[in-house]
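First comes the structure, then the notes that go with it.
Labels for the chains are A, B and C, by order of writing; each one numbers its residues from 1.
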Amino acid sequence: MIIDINFVGLIITSIMASSVPLILASCGELITERSGVLNLGVEGMMIIGAIAGFALMTVTGSLVIAVFGAMFAGVLISTIFAFLTQTLITNHVATGLALTIFGIGISAMIGKNFVGIPGKEFPILFGGLKDAIPFLSPILFGHSIVFYFAFALPFITNYFLKKTKIGLIVRAVGDSPDSASNQGINVRLVRYLCILYGGSMCGLAGAYLSMIYTPQWIENMTGGRGWIALALVVFSTWNPIKILIGAMIFGGLTIIQFHMQAIGVRIPVQFLTALPYIVTIIVLVVISRDSRKIRLSTPSSLGKSFYKDH
Amino acid sequence: MHKTLIRSFVSSLVFLFTFTVTAVAKDVKAAFVYIGPTGDHGWTYQHDVGRKAVEAAGYKTTYVEGVPESADAERVLRQLANSGHNIIFTTSFGYMNPTNKVAKEFPNVKFEHATGYKREHANVSTYAARFYEGRTILGTIAGSMTKSNVIGYVASFPIPEVIRGINSFTLAAQKVNPNIKTKIVWAFTWYDPGKEAEAAKALIDQGADIIAQHTDSTAIVQIAEKAGIFAFGQASDMDKFAPKAVLTSVENNWGPYYVDRVKALANGTWKQKDTWHGIGDGMVVISDLDSAIPADVRTKVNQLKKDLASGKVHSFTGPIYDQQGNLMVAEGKTADDGMLAGMMTYVKGVEGDIPK
Amino acid sequence: MLVRLLPRNLEYLWEEQKLIKIVKRDHPSRAIFFLTPVLAIFLTLVAGGLIFYILGFKPFEALKFFFIVPIADMYGFSELLLKATPLCLIAIGLSFCFKSNNWNIGAEGQLTFGAIVSGGVALLFYEQEGFYILPIVIVAGAIGGMLYASIPAILKTYFNTNEILVSLMLVYVSKLILDYLVVGPWSNPEGFNFPETRQFSESARLPLLVEGLRIHAGIFLALAAVVMSWFIFYKTYLGFQMKVSGFSLKTAKYAGYKGKKMIILVFLISGACAGLAGVGEITGPIGQLHREVSPDYGFTAIIVAFLGRLNPVGIIFASLVVAITYLGAETAQIFMQIPKYTGQVFQGMILFFLLASDYLLFFKIKFIGSKK
């Protein structure tokens, strides 16, 4: 089989497009988890972002309002989670699950009137250069701004965590909330903000799906991506750059699977789809075995409620 | 005097009779069970269009959407049967067992099951459309218009209905262009826009310049539109989702059949039957041909439509060979309904194997 | 001023207003313990009515179709029990895990795997009759669930791996395995390649309790689980340990990690319960294997477990309440065209309100009165 370089470029582009929602949601959840909060409601926040973005786009006709509206919707819904887990000190796991179930339900209810409406054309950047260079052109040019933002985000997030003061505070809160609190950091506030940020990114991820990737609204259209995003955060050992790679692998598996079918290779579809989950479990085991290593990677207070006795 | 009296008496009797009959007739309540949302602009949408035709004919209807093909379906059917509906249309294969089970307990309610093959009780009928006839038209267009000779096909599940569609499509395309290759990708879903879009992208990247689908959402035609290639709509006219890409669509036209059956029930003439209608009976309709289709192809298609309708041309006329070169249908003969119903082999020219 | 708006700490905020003083309780209030689920349900109804109103439906009528109509007749009530059975069963199993601080989120996966194993066994006997078949199938399902639950258990005890993520990932793996089997090797050879297996023989089906209704013997399994868990919780030392750890935030750490054996045990119990629920579904109402065998019972059961306060009797009531949200969503859709996802909205809200009202468990709100 002669491998045409253009063809490879096209496949890589498809994989990149498919990984955008994962990158966005995972980088958002990464910040949340780095501050010590395990928010299992990613799927719920994504789907709410999806319907919010699509509904706003259809109703107002403005893509800008739609995109920011979706992010805001993510923030709103994650506020419920933040209020419950940070102020009312509820169990993270249960609250996150409730958020997912509620999110899927409420988005379907709101979305009922929007099924079957075609989405609007989303503007792409550098469209003219799409065929200029073989292999590189389709990868670099002709994508929406959300796409470019998504691929910049891991680097921005990494810089934020490692090189800025606020990033340091977030990490301190996640690794050792008691000492951070003793130093005068308002742990609750930091976590609140991180949760809301995570919500906004998940909302954006959902909006990308409903406005750009497959421009329409279907109930449950996130299809489990939220859970994959959660897995990605762990798979990447809470490292934003690794999220980029992981997202491409996870997103790419579905694309590759179709290509393999198209050229006649017979591997059970389900096996390929299951691979990301199985691999995540293996990675989890590997990084957890060495308790020193896990102390280095996992935010120590992840999932534990912070309560300050006065 | 007598004459007038008798006349008025008879005429009032007739009036009363007609009134009662129509009043009783209008009391027929029809229920429709859908597997997807009515807004899918595909399979379920078309069934709902059919339902609206029944309403337009003056009957009350109820519909339930998104009913999964699981244990829950039985409960929904029972609730519908219990709440005054006289005829229930179950519009997906997976409802076969629940339909028959509930039919047993409600002998006075009629059940119409789409695309199934079990009629275990006298009050169960089955119906389906000869979609493959529509595919013959699509294949003709595709074969005439492809430049890369690679035609993409997004299929759902390897069941006879889908295999039939692939075959009739390929045979028709080959007739006008012996060099075409049909590349198939199995999505293993009837309705999942995300997956369908990715499948379409993969086929496009593989060089397909026309895409056909046997899945229900509009995602594929939208991807085709973005990529600047052609596609065909499925079950419903998908032109408004992809005006440049969609050349035409195969539409399922259930309305006449539905109205027919409801009226039969109202008249007391409803009988169990198995219906398999095609273009000729109006159950399969080809949407308007896009202007991008050249005139000569257009003429060919219009003639083909007439011939399929009249029976002059059959989608599966021999000689037909399978991928190994064995004869499936002899020269001059046509495949009978039995062979069609159980078709599980590809014809020559289709790439790949049927997944098992 | 803005700082005050941020809920930095409710105590400070409200204390500054000098209206309310929030005091931490010494120990959780028992009265509140039983009242909060009721409060949560009540708040859910109110919020639900509000949502209906916003969407343009008459709230009381919608609530009626949601909660009353589905169980108004005998058939409806039996459907309620039918739906509540797997929820109750799984939740009982989960209560063992949650009480001892093991977060088994993958009950849905254990249910699916239990269904796979028992379904496979049932298919082996598809042409045979015999009273011995059903017990074998049931046991196979329990074993399947236990096997699957042992994975997160072992990974947690011996490899220190977080059980939440492992059990969650495994849910998807099990669903994909089921999908592969039903679409591929196990699909009915006489079924034209449609994605479903053969139907099980009558011997492999759970007997129906009442002619014409769908409730089946699976309900006895659920009741047995309730009795067994009540016995363990209230009559054994193991149960005592779990109870203590469940109430207090601090001692959770001690009681929860006492011995690897306990962790594995609770996961096995939970897995067996979930697996049995899976068996109940396929040998009960379904009668074969489909690509999907459960409408997310494994996840909803988590809500049931919380709503029922991890208490066997509470779980019975909670499973009935949650079951009705499934039925109600369907009925409301049939008769009022209300979108069927309202069921999930209700389920999510119940859990939100319950978790929120739990605040009252640990904190008392004292009204001081304004002093200005």
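Just so we're on the same page, a contact is a pair of C-beta atoms (placed from the backbone, for glycine too) under 8 Å apart; a residue touches a chain by one contact, two chains touch by 3 or more.
Keep in mind that what you see is a predicted model, and the values were worked out from it rather than measured.
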Chains touching both chain B and chain C, listed by label: A
Computing the C-alpha centre of each chain, which chain sits at the greatest distance from chain C? B
Calculate how many whole Å lie between the centre of chain A and the centre of chain B, each centre taken as the average of the chain's C-alpha atoms. 39
In angstrom, rounded to a whole number, how far apart do the mean CA points of chain A and chain C lie? 27
Listing for chain B: what residues touch at least two other chains? 66, 188, 355
Which positions in chain C touch two or more other chains at once? 179, 183-184
Please output the residue numbers of chain A that touch at least 2 other chains, ranges allowed. 112, 219, 269
Interface with chain B, chain A side, in the complex: residues 7, 10-11, 14, 18, 112, 114-119, 209, 213-216, 218-219, 221, 223, 254-255, 258-259, 261-264, 266, 269
Chain C to chain B touching residues, read off their complex: 75, 79, 179, 183-185, 192-196, 199, 212, 214, 281, 284-287, 290, 292-293, 295, 327, 330-331, 333-335, 340
In the complex, go through chain C and note every residue touching chain A. 6-11, 51, 55, 103, 105, 155, 159-162, 164-166, 168-170, 172-173, 176-177, 179-180, 183-184, 249, 299-300, 302-303, 306, 339, 341-349, 351-352, 355-356, 358-359, 362
Within the complex, which stretch of chain A touches chain C? 38, 40, 44, 80, 83-84, 86-91, 93-95, 97-106, 108-109, 112, 186, 188-189, 192, 219, 224, 227, 230-231, 234, 268-271, 273-274, 277-278, 280-281, 284-285, 288-289, 291, 294, 303, 305, 307-308, 310
Touching residues of chain B toward chain A in the complex: what are they? 37-41, 45, 66, 152, 183-186, 188, 191-195, 197-199, 201-203, 205-206, 217-219, 222-223, 240-241, 351-353, 355
